[in-house]
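The letters A, B, C and D name the chains in turn, as written, and every chain counts its residues from 1.
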């Protein structure tokens, strides 16, 4: 049952480095990847600034190519080391990895197409892979559970906010519509109302009639008051979740806390295996523990 | 006591479809209604945008008529299937249903009257019927109770905010009134003060004297600090409510959790009957369970 | 010990009406007073609007005189019915009552003095008497305790926010000071920083250099993050206070909940006596229960 | 073991005054220091206002010299009275004390150098010493613990907000970039997005296309909804911390609450010793209790 260390071929070792973060090599890989993703985002950002793009065009171009090649190598390595490549290719991260690498190659064929910037921007979605690293901080576990538990309630709340904005926006349109360009039609008024209810308050549109300002005051106080609702939901959910954790340890001893590691199964890509687990809890594939 | 299924005539069946959401037909009806309401709101919105209204006037007009006819049919069906039609007609939703349907018919008689837009806007109130659908998400029950419990406290708080705004607004009027058009009178200053206390901050009015900016800073920090109050109320209320739920199940076993369904009594319109209930808990009228 | 009802002379009866809210006459008096205070505030507000003052000057003047006379009568009645008049005269409400009544009389002597508007604005402080009425809602008791408990902590927090604003404002002055009129000196920069940290964001001053916008982004995210602190304090204080209430009833049976009424002692002005109490809990003076 | 009072020489006495706040002399010193720090900050602020600097230049200059001399004396006194002077000199407060005193002396050598203003601004960091005084309010203890416990989680949250801002900012750049100067490049768009997500809303940049305003509405509602997350974290952390305190006193009687005083060891500078402690808990150096 116990797979000896010497059995590992280069594929298995590469899989460990790329998909896991428990070995020193795996950690190093993750940190390099993190830096590369941030660098690539900074490149996309800087390239969009005309004055910088004019000055440092060739430098930005070379950096872009370097990172594109790096991402390509990583993409190929991920496909090779996974047992079921197609599962990876059509997974969420697989598609993003491809889309975030492709634009530079496509730019050779379609020179100067503006739409490629849009495609390049998709690279930003790779950032979500960084979030996986948040686990290092050991912080997001409880948080994620609390957020998931309160998601439905917050959705209902935000939906109610939108309805409120539609109704109040229409009222503002009826009051200010004639005299104030900013409330010329209902969609604009609703937009202003969302700006106000959420306490953002750009000020590009503002009521000018006394009655409009009176209604605006009510909207603002409303927005100030109801911000309490989502906050109340999350904090209650979060603390009740903490309580139920405590209860479960004292009353139901069968729920144990176990250390999970970040390695993922080379067969089904499931991660969060228990430390010391010999087989994948999902597909039974043997795991390569150190 | 148990009413057999075959006894249902078309009226009872229609009542079930319109007023309940537990049968497939009832769910379908609710979803169609939801789509129709959202469509009608979008129509009102788009019609208010001049450039769109000019271009697609006839299309908008036909759509409006289609939805008006749909709403009319629904209104008639609701009256027919309810046992006490007048109770429905003069109920909150009954009045809104009528008012949201009437404007298009009235527009034939009063051509080009601007006030009809105002009437049409009332249709937005129908959206509240959608909120009833929030129950599908199973989320708003606890939330509603927590909000109801904290309503009085939040009202007191918002009232205190208004008083604070009046006092601080008057102080700002005395400081900035002479030099700054935006603080020309007390109502304007109070309006600005509400804009600032609620952290909306449009910026159309802003203090210009150093002393005015100093007082404004205090107002802002105050607003930033006291936003904690309603939030604290709701979250404490919400979590204490959760606690009392827990307590009631462990200490007082007579408070049981029961499944409620969305059907409403054909006699008194009360909904939230227990699953399997044979008679309305309010008026004793037999219910038509599936 | 029990004082019979027929012993009440007109002074005692008037005292009951003015200082208490438990008898129908006392409630009526409070409601009339509330309306008069709100009316007087509206008058001060409307008078400050030039266009309204020009049009309705004589009406506003007469109304102002009417309310001033009413307030004068109330002030005299309060002095007469209290056993220790000087204690009332030099109490917080006594001083406010005098100051809120005096300006109109003084305006006869000092015609057209602008400073009188400032004095008249003091009338707004009478509004706090309305807050006493919040008790009717039975809401503010727990709230007040929670706020008192968290006052020191929130003060420390707001003090830290001010220090943060001073430091960050100075940094912004060093970055933007040369190029941007809005950051011309440190006080202005600190003012902007408070506007930003509290998420008010007027926009009359905004960073223009890329580096300034970068620091501004950090300030904003900081302000967005630390708003959690006062909220956390109040909600924890509030819910822990609720818990300790529960504990005290279960563990320390000597702490009982008693009904308090709004009457106040005619001798020492202390209110919140227990229902059915025969003597003032503070000075022992007999109370006039109904 | 008990050190008699008469053994205290002037060095020990001075140490007590400067580093502790339990004796009347120590409290007086702290209050004078607090006033001096605030005065020095006000001086830096006022000097930056050109109109004031022109008018009162010599007064500001003399005041600045007075405070600089005071701070110099305090710095020397701190070095003399501490047993290990180098430990103090290279400690956080030691470096700040030096940097906040030096600029005025340097201004004699480097006349009119703008960079000295930057150095002088470092004096603001001395303010943190005031925060030590917050202990007087007895408020920040629990608060600090709760903040430390939730720091990691809030960091993850703020990091997620930044990623969200980058993605949404890029989307806004693609939508508004061509028509709106405010979204001319991605960094600017991301800046705007942070302004909006944090509900600050300056309004110097605002979307102008209907689709841009639609996306902006979503960003605002998102920002309004997710502000609940850090708040929920802190309040849950804070209340759970309160609970664990309660539990620890009831279940683990070995954790006792002891009174700490503000004196600090003259050898290792550690403070928070128990009242009545004879030796430093850190280095064993005898303490000079009164």
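The definition used in the following text is that contacts are C-beta pairs under 8 Å (C-beta built on N, C-alpha and C of every residue); 3 or more make two chains touch, one makes a residue touch a chain.
On a predicted model such as this, the values are computed, not experimentally measured, just so you know.
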Chain whose average C-alpha position is farthest from chain B's own: D
Copies chain B and chain C touch via same or different residues, half shared test: different
Reference interface A-B: repeating pair among B-D, A-C or A-D with over half of contacts shared: A-D
Separation of chain C from chain D, taking each centre as the mean of its C-alpha atoms, in whole Å: 32
For chain A paired with chain C, centre-to-centre distance based on mean C-alpha positions, whole Å: 45
Two or more partner chains touched - positions in chain B: 157, 187, 190, 199-203, 223, 227, 231-233, 235-236, 239
Of chain D, residues touching chain A in the complex: 152-153, 155-157, 159-160, 163, 166-167, 170-171, 173-174, 177, 184-187, 190, 196, 199-203, 206, 210, 213-214, 216-217, 220-221, 223-225, 227-229, 231-233, 235-236, 239-240
Chain D residues within the chain C interface of the complex: 41, 44-46, 48-50, 117-118, 121, 124-125, 127-128, 130-131, 134, 137-140, 143, 146-147, 150, 154, 157-158, 161-162, 187-188, 190-191, 194-195, 197-204, 223, 227, 230-235, 237-239, 242
Chain A residues touching chain C - in the complex, by the definition given at the top: 199-203, 231-232, 235
